[in-house]
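Naming follows writing order (A, B and C), and every chain is counted from residue 1.
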Amino acid sequence: MQVAFTTEELLSLLKPREVRGLTTKTISGIAGLAEAKPGDLSFLGNPKYKAEVTSSKASVLLLPLNYEGLPGTDQVYYLVDNPSVALAKLCSKIEQNLWPKPAPGIHPTAWISPEATVSKLATIGAQCVVEAGVVIGDYTHLHGQVFVGRGSCIGAHCWLMPGVVISADCVLKDRVRLQPGAIIGSDGFGYEFVGGKHVKIPQVGNVTLENDVEIGANSTVDRARFSGTVIGEGTKIDNLVQIGHNVTIGKHCIICSHCGISGSTTLEDYVVLAGQVGVGGHLTVGKAAKVGAQAGVNESVPAGTMVRGMPAQPYMTEQRLEILRRKLPELFKRVQKLEEQT
Amino acid sequence: MQVAFTTEELLSLLKPREVRGLTTKTISGIAGLAEAKPGDLSFLGNPKYKAEVTSSKASVLLLPLNYEGLPGTDQVYYLVDNPSVALAKLCSKIEQNLWPKPAPGIHPTAWISPEATVSKLATIGAQCVVEAGVVIGDYTHLHGQVFVGRGSCIGAHCWLMPGVVISADCVLKDRVRLQPGAIIGSDGFGYEFVGGKHVKIPQVGNVTLENDVEIGANSTVDRARFSGTVIGEGTKIDNLVQIGHNVTIGKHCIICSHCGISGSTTLEDYVVLAGQVGVGGHLTVGKAAKVGAQAGVNESVPAGTMVRGMPAQPYMTEQRLEILRRKLPELFKRVQKLEEQT
Amino acid sequence: MQVAFTTEELLSLLKPREVRGLTTKTISGIAGLAEAKPGDLSFLGNPKYKAEVTSSKASVLLLPLNYEGLPGTDQVYYLVDNPSVALAKLCSKIEQNLWPKPAPGIHPTAWISPEATVSKLATIGAQCVVEAGVVIGDYTHLHGQVFVGRGSCIGAHCWLMPGVVISADCVLKDRVRLQPGAIIGSDGFGYEFVGGKHVKIPQVGNVTLENDVEIGANSTVDRARFSGTVIGEGTKIDNLVQIGHNVTIGKHCIICSHCGISGSTTLEDYVVLAGQVGVGGHLTVGKAAKVGAQAGVNESVPAGTMVRGMPAQPYMTEQRLEILRRKLPELFKRVQKLEEQT
């Protein structure tokens, strides 16, 4: 990553509420507080690292409004509402420079069915496959080696990275962003046990990804048995996550890596699942509920609550049990003492 | 998904044991009991939803033989041996309409080694790669962007979906179905620690998938160090599952999402692993054993038993321990009271 | 796998310290002790299987130097420093025969940007995509359907298997080996919650894989928010592992299947993570620390220690708690008895 920002460019981009100190350096890199060298920009995003600000060698530091203290020589503090958001603005600018939007058009090595409808403003990269009946909207970018199966419909301003597979009849609304290797519309895992064998139940539903959904690398979203698996607007899903068939996920949820959500379960809006959580089938996780890492959810979770543990239960209950579990050696001794006294 | 079934077509396809009521509607959709509208077909597959039958707006309902009660106006009940199996029949019919078997032949953008042997009745899709020495049987369908490495042998009526990779020298028998992104024959994870470094042990065995095996999206099956990793007839594996090298899996097993099975372990026939289970190496999980979600299996599991927990132990033992764990706050109080009385 | 080794070839390749017995058989296979037939070579790699040596039908057995006992008729024991390493040598020989290094050159179906620099000694397989600014070193082999994004730099003697994706601006040093479907340089999972929505923080850093790194099938390594995600020399990563953004992994670590490492965490050299471990963000796992299967690491782990459990704690502490937990039924009875006596 190569960057070069003058102080003037930074001021105009980041619009700090307050500026302390000054630097003559051109900013040529971004780094964490401890690793930054002169010429770098750094920031305090997590209060955990506050003590590292004064010793940071960064030339420009993005700090929260309530930060007290003065910069060193040839160093400047920009006080902003939210240092992480300010950094995001800067990174967004860098991203546009690094990876400018490709020109519209279809790469000569891509294969597009004559029965597909691809916007003149879309970009279809090398070795892509687009089957019959597919519709692809304006400014959407299929990077290399993307597969879109028959009848699927992709909106505008989407970015499908290399190796993404969209199976038949799925729907992606606008600004959907899929990391490499994400699979949308694989068969749901449904069998009936008949005569000593597992007989496949064909999965003839589809998947809908609403506006602004993002899905991580090598994650999988199964198509519904019938009707649809739906992921709501603005929901962000990390890598290697499994979404089962007929799952409904609300708006603006966060689902971290390695989570698995079993069939026909509903997550309401603003749910957060930490990493490696498992959620059983036919359950509801209520609005804005939070589930701790590695939890095993085997009953519905009320809205607004926080659960953890396996099986998951209210956060404070599990916390207390964990503390008592750690006191078991002491408890066994206390009981032994009582027995000796009896 | 667009469907249109008349009552006559449904009767002839589903052959219900008993019919109650009648409807004039053409069936144009399938939906869950609560979501169904007039014109939809619904079903009672899970007794949990029994109460929703009477209020369902579906025009046709598939119900178990012992269901009591009468349909509403313009509504018909079909009583069948197994509503889920009946639905599967219907979905299978829909699937054939939606995704008719493609014509045999090799897509012009596929690359087939001149030293490969592909049946005239097979279908090889866009951008596929088939290396030297590969054999592909009748009616097998490689969807787009499938890779088959040198010397691998694929039987008849298989369906390999986009992005599937079959590494060298693997064997797929008949009717094997692989979801997008499944990897068959990646190297086993084997190293020897010599002189401060991990030295790779080349993995020169292979993988065999027996008849009717199905493997989920982005799952991985490692090739053996030598000899073979084998998955038995009719076994169904969900998404994002890891099967280690030299593992032997029996017939008709069910392995849910995110399970990992370490090297050289054996699962006998009819084993069921729920989601996110880990099984250690060099163990045996006996015939028809069941392992609960997120369990960590670190010793062999006797046939016919059910285990859960981390580390896994018999289901009832773990259940009892979990109940007692939840009573720890009470136990600490009881001990304290005893101490005060002493 | 077809092999054929005469006794002379084996002696010259394996150089045993001691030979007991003799066989006239040509070795045509490798198998486990219990499964081996005459004509096979077998070995004692795990002391657990020692009892199987005397009944093994293998014609050649690789055994540790301290093995006592004599071979049967037409059977030979080779005593070697490390039977697994000896076997690795043999498998390496077999691997070279099975999968000889392909000739250098670019497959006619690959697409290489005119602005990429590919060594004349590299091999680029069918349907690969190599974008502008990419550099690929001598003897590196891109198997079929590999994607390398703009500006990435790949060293010498690397092997990227089918379906691998290298995103933009990443660096692979020498002898890096990536299993099928591995994703290097997917976006880190970073959002700021602003106005009820998760706003993406562009991830403009990269990933560096040092010399001799190996990464398993369908594993994912996220690019950094800025600066880099780094995996140190000789580290080996299994299948379906998630490495978050800005993670730093030291040299010669082992990370087993389904592990997930959250953002900005550091693993020092020689760390070992067993399967399905989760490590939280912004932590340090110290040099040569070991983490047990399915552990949930939510605080930093001191160098040289061993932890397990969820949340993870020192191995012996957790072991003791687990033993006491299993004695809870007894403890409840003892407390009840005390209450009755009072």
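As a working rule, contacts are C-beta pairs under 8 Å (C-beta built on N, C-alpha and C of every residue); 3 or more make two chains touch, one makes a residue touch a chain.
In this text the structure is predicted, and so the values were computed from the model without any measurement.
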Chain copies touching (chain A, chain C) - same or different residues, decided at half shared: different
Rotation angle (°) superposing Cα atoms of chain B on chain C, nearest 5: 120
Intercentroid distance (Cα basis), chain C paired with chain A, Å: 26
Chain B residues counted as touching two or more neighbouring chains: 109, 127, 145, 163, 181, 218, 240, 258, 276, 294, 310, 325, 331, 335, 338, 342
In the complex with chain A, residue positions of chain C that touch it: 109, 111, 127, 129, 131, 145, 147, 149-150, 163, 165, 167-169, 181, 183, 186-187, 189, 191-192, 194, 196-206, 218-220, 222, 225-227, 240, 242, 244, 246, 258, 260, 262, 264, 276, 278, 280, 282, 294, 296, 298, 310-311, 320-321, 324-325, 327, 331, 334-335, 338, 341-342
Of all residues in chain B, those that touch chain A in their complex: 1, 29-32, 35, 46, 48, 82, 84-85, 87-88, 91-92, 94-95, 98-99, 107, 109, 125-127, 143-145, 161-163, 177, 179-181, 212, 214, 216-218, 234, 236, 238-240, 252, 254, 256-258, 275-276, 293-294, 310, 322, 325-326, 328-329, 331-332, 335, 338-339, 342
